[in-house]
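Next come two complexes built around subunit A: one with subunit B, the other with subunit C.
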Partner chain A sequence: MSERITLTLRAALIRPLGAECISADRFADLSEQEIGALELWDGHASVALGDVFAIRGDHSSSVTIEGDLAHLDGVGTAMRGGEIAIAGSVGGGVGARMSGGAIRIAGNAGDDAGIAMAGGLLAIAGSAGDRAGAALPGASKGMTGGEIIVRGGVGRDAGSRMRRGTLFCASVGEGAGTAMIAGNIIVAGDLGDGAGLGNKRGSILALGNVRVPPTYAYACTYRPPHVSLMLLSLRARHELLVNDEHVHGLYQRYSGDLADIGKGEILEWRSM
Partner chain B sequence: MDIRGVQIDDTFAEAFGMRGARIIITAKNQKWAREAANKMTGFATSVIACKCEAAIERELAPDQTPDGRPGISVLLFTMDSDSLPKRVIERVGQTVLTCPTTACFDGLPGAAERIAIGKPLRTFGDGFQGSKVIDGVRYWRLPVMEGEFLIQESFGKARGVGGGNFLILAESADAALDAAEAAVDAMAGMPGVILPFPGGIVRSGSKVGSMRYKTMIASTNDAFAPTLRAITKTSLPDGVNSVLEIVLDGLDFRSIAMAMQIGIDAACRPGVHSITAGNYGGKLGPFHFYLRKIMSGDVEDAPKEGAPA
Partner chain C sequence: MTRLRITGGAVHDPANGIDGDVGDICIENGRIVASLPADAPTLRAGGMVIMAGGIDIHAHIAATSVSMGRRLLPEEHALHPVAAPALDDGSIPRSGTGGTVPSTFTTGYRYAGLGYTTVFDAAVAPVAARQTHAELDDTPIIDGGFFALLGNDEYLHRQIAAGELARAKDYAAWILRSTGGYAIKVVNPGGVELWKRNVREVKTLDDPVGSSSVTPRRILEVLAGAANDLGLPHPVHIHCNNLGVAGNVAMTLDSMRALQGRRAHFTHLQFHSYGGERGKSWSSAARQVAEYVNSHPEVTGDVGQVMFGDATTLTADGAVEYLLHTSTGRKWINSDIELETGCGIVPYSYREKAAVASLQWVVGLELFLLSSDPWRMVLSTDHPNGGSFMSYPDLIRLLMDRAYRDEKLKSVNQKMLAGSALADGIAREYTLNEIAIITRAGPARQLGLAAKGHLGVGADADITIYSRDADFAKMFSTPRYVLKAGTLVVEEGQLRRAPAGKRIFVKPGFDDTLLRDLGKYFEAYSSVRLANYPVTGLRDAPVPTRGA
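Coming up: the complex of A and B.
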């Protein structure tokens, strides 16, 4: 049994490779040989993990992956526990349907990061693509728990149909929180257009600029008590650069989407 | 044993098991946190008539509270498990929810037993309330005229100890009050302990039941009442003209014993004759605070004689 399993990419990937088998909780029960025999998917063809990665260690739920992994998709899919550290960037679908454990990415992540996530932590030091924390195609619910922390920007449709959990990012593209059922989207910078359309009970916290949709109505300017709690908790646990003026600041509350049940909100920071 | 000329009687305070909760109240500033805490802990001196015993435990700095605002920690105790949530709910609902700028949090996050507090209070929101799960803990947001009231869904329930006590026997009423005030000041802010009576001091210590009135569950402690010295079986030494009592409730034996140690030491001052304690012969309460052991530095609980190992 090793303290940690390290996968080192043998040669640069030239096209997407499906790596849904790489999951920290699954590795905890496997020998080096068994890990090497797991199947990656190159289109319809399978390839042994051991042929793509050099493997060091066995029987551990702490996994490090090294190399340029921008074409490696599905890492940590349905992961239930353990920890994966990705030394650089990674492809799409990282942490999809994960329900526990932590995935930490030193670089960027592709599209569908944390899609349909139910629990655990997905921490991305760089940026993420479209549909972070959103729903799988055709599914009624997106993210149902856990936290996605993106220190950079996030693409379109982030948190779409989110049911629970928290997505934090520096900025976000169009359509954030579309058809959001509940949960929290916290954006330290600017939000793209169409944020919160179809929102039922979700909270979108805009510390930067936001164009509030016309189907939202202004309610009041106040200090939301849960915002202090939420931002202090995130700052303490993830060492995020959240200012005191945001923690204890005044926010404009917009209720919406009034085209739906209207119990959601966009909280736009105004001043200390 | 005597401390600075004050005799410490060879006796013990007898205390009972209770159930307790720690309520953290935060507000815009210390003034409003204290306003809510004062109201919440009003009329909560004794379970005999108040149904609970509660008091401010200590002030909290902004970096000691969940939302980064000034706060007050309150301890509330009841005699049984079932009545604890009732008492907390009615008091938080009437005194914290109503107080400007406050929010309310659980101060016993590690307690395995939980009582629903924010959950039943959420219905004040009349369907407009909403919840947030932050770091695995659910909070309720209640819309109110001022803005929003935030309260944690569940609070921890702990086994506590109620009725720790010591009596200050003094030459005069002034000397007794000076000594009692000094004791309270010394014990102020000690973690895990409250002094639920006015200013932390009791002037009307009681005995169980009544010699004359069958319906009374407690009546004046005539053995320590100086005006009755000549007509009752008195416990007062010569020269004692006034007695005040300090009652302590706490989350555990050790916290109370440590507070008693500091409080008794502070009470040993000129004009005080002796320090004693109230008990029922050791037959009723499972917690025995031996004054001389505590003042010798032994603040740990000890197995009782005859108790199962």
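Coming up: the complex of A and C.
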């Protein structure tokens, strides 16, 4: 029983490796040997985790992973609790379908970060790739709960088909919140093209510029109290750089997508 | 020359009247023989249960609909990756995906892992038969065949309208011969054609389909007659009109009466045994259907049990899928397949809390438990429509273990169960021999497969050996050994070998004056030239037909 488990990459990865087995809650019941025997996916074959990582510690739900992990996919898939700290960057699918616990990444994350996530915290200090918090291809719902906090930018289709939960990022690519069912997307910068198309009841908040889609209609300019509360809470808990002028600011509300049920919104910050 | 003697196991071979007697099974060159020299290798099966390999008479594993289902459900692939098995026979092990519609290789591995060695795809559009053969080629271990869809075929309807019944029969024979199919399948006779013409519902067996002389009744009569006249090993395989609709039992019984006295197989009867009235009430009519089947020995059926959990409904019955899509709001595919048939797909979940799903679950179990002749009412879930074939072990436990069944019954939605026989209490528990009948011997007899489903001399050495377990679901989900044509494919519960299975098909004869007329029809209407239509190059020998 140790305080932390540390996995250190033995040799640089030259191709993607599926690490869906690395999940903090699962490690709580495992000895060092059992952790080493877990299987990573190398193409369609499997390799033992112990052959890829040096393992220190056992029976703990706090896990640190060290090394250049940009090719390591699926870390924290379906994780239900505990905590994973990634010292650098990580590959795709980090925190996919996670329902509890926290994953903190010091560098960047690949595509599909927090895809179909149901709960917990995914905090990324750098940027994330496409489809952060979105739905598995073909699935009807994206993230259904939890928080994804990305200090850098995220790629395309962030929060697509999102059902519940919060996604914060500095900037987004095209198609953020497309076919969103509900939930919150907060963008500290500009909103890319095609944001919120097909949105049912979701809320998309942009502190930068917005190109309003043609199927959205201007509703009003106001100081939304829920935005103040949400931004204050995010700032306090995640030490985010959100200014008071945003917390207490005036926002323009656009209703949409009117091509769908039109109960969603895009909120654009205007002024103090 | 491969030989093996299996000793000490309790043999359940109902086709040969053996019910749990301990005896030796001798195998030589992939077949069961009467005896072997004393030095032949031995597999000790003391305390275990020996049955023939399982036979699935009705599943969807290798058709264009299945392929489309896979394309519709990429999320299943992401959620259920399946690693390649550790094979030691030199064949290349394949990884794949699971879920309700597994990939081809995984389908073969999983069926074999359950002790099933023969599976029929129940609905193949003839024009797409090539695709089915390609997929069956990639479905290892199991012997496979398929039923060719004919109930909504434009050319067949034209022959019926013109009174050309001999030509209709020749056409059915030509279709089976050209596609490498095994039996004639009818899905919602006339109803799919009407659906293409924007008619949403077939009300009676005498509704006209285009011409007044083409009706669901005539289609059933002509195709049942063709199958019997051609001496096909399996009679016409019928999915009745109005699947899944309250009150459809009237149509089901009418269809059975229409073919009274003739051999016919009625499939997934659970979906066709509902009382009540559309849009108003819904109840079980399993008792009426079971009573009809019990008293008419020419009728065979399979149940199409619904099992709780995720499923994918995929069928040639596009009209049904439209109803399902509108009632669930879930994504769907609907397609016409030339002038031959249709297709619809909707992912679906059967929930214990849902009233209709609970009723369906009960209706299926009632069909099993009220049928007096297990040889004529065999096991299926219409995979993946009522549930995956992976749920068969749990279904077997429901049939064998009343306490488990009654406990489960308490947890389902009771709203529509008033007056149902199961809710009133059915004491029956299936015996091991009855399970052997509904999963092997019965399907083999219904399909007319003389060398399958039993362990007598001359039978294919497709054998499943189970370790006894009080939990029947566990016992049937992890056979200790499985042999396919004499090869040990599962050893100590692990899949070890994956030889290719055989293709099971028929080659009935027909009068080739048909081809002159058919050629003109193809020139005018088909996307494929007549000469390019027939599938060629099937390596295995066809199953003989009595007419040939």
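Methods note: the second predicted complex is superposed on the first by the 272 of 272 C-alpha atoms of A that agree within 3 Å, B and C clash if a C-alpha of one lies under 4 Å from a C-alpha of the other, contacts with A are read in each partner's own complex, and residues count from 1 in each chain.
We adopt the following convention: contacts are C-beta pairs under 8 Å (C-beta built on N, C-alpha and C of every residue); 3 or more make two chains touch, one makes a residue touch a chain.
Here the structure is a predicted model, which means the values were calculated and not measured.
Partners subunit B and subunit C, once the complexes are superposed on subunit A, both fit on it without clashing. In the superposed model, A:Leu232 makes contact with subunit B only, not with subunit C. By the touch criterion defined above, A:Leu136 lies against subunit C but remains apart from subunit B after alignment on the C-alpha atoms of chain A. Once the two complexes are laid over each other on the shared chain, residue contacts for A:Asn184 go to subunit B alone; subunit C is not touched. In the overlay built on the shared chain, the residue A:Lys263 is in contact with subunit B alone; subunit C does not reach it.
Shared-chain residue A:Tyr222: touches subunit B; no touch with subunit C.
Looking at the shared chain after the overlay, A:Arg163 reaches neither subunit B nor subunit C. More subunit A residues lie in contact with B than with the other chain of the pair subunit B and subunit C. Measuring from the middle, so to speak, at the Cα centre of subunit A, the directions to subunit B and subunit C differ by 110 degrees in steps of 10. Of the two partner chains placed by superposition, A:Arg151 touches none, neither subunit B nor subunit C. Superposing the two structures on chain A brings subunit B to within 22 Å of subunit C, judged by their nearest Cα atoms.
Those residues of subunit C lying in contact with subunit A across their complex are 72-76, 78-79, 81, 83-84, 94-95, 330-331. Considering their complex, residues 18, 39, 41, 44-46, 135-140 of subunit A touch subunit C. Those residues of subunit B that touch subunit A in the shared complex are 66-69, 103, 130, 132-135, 139, 141, 147-150. By the touch criterion given at the top, residues 164, 184, 201, 203, 220, 222-226, 228-230, 232-233, 237, 244, 247-248, 263 of subunit A touch subunit B in their complex.
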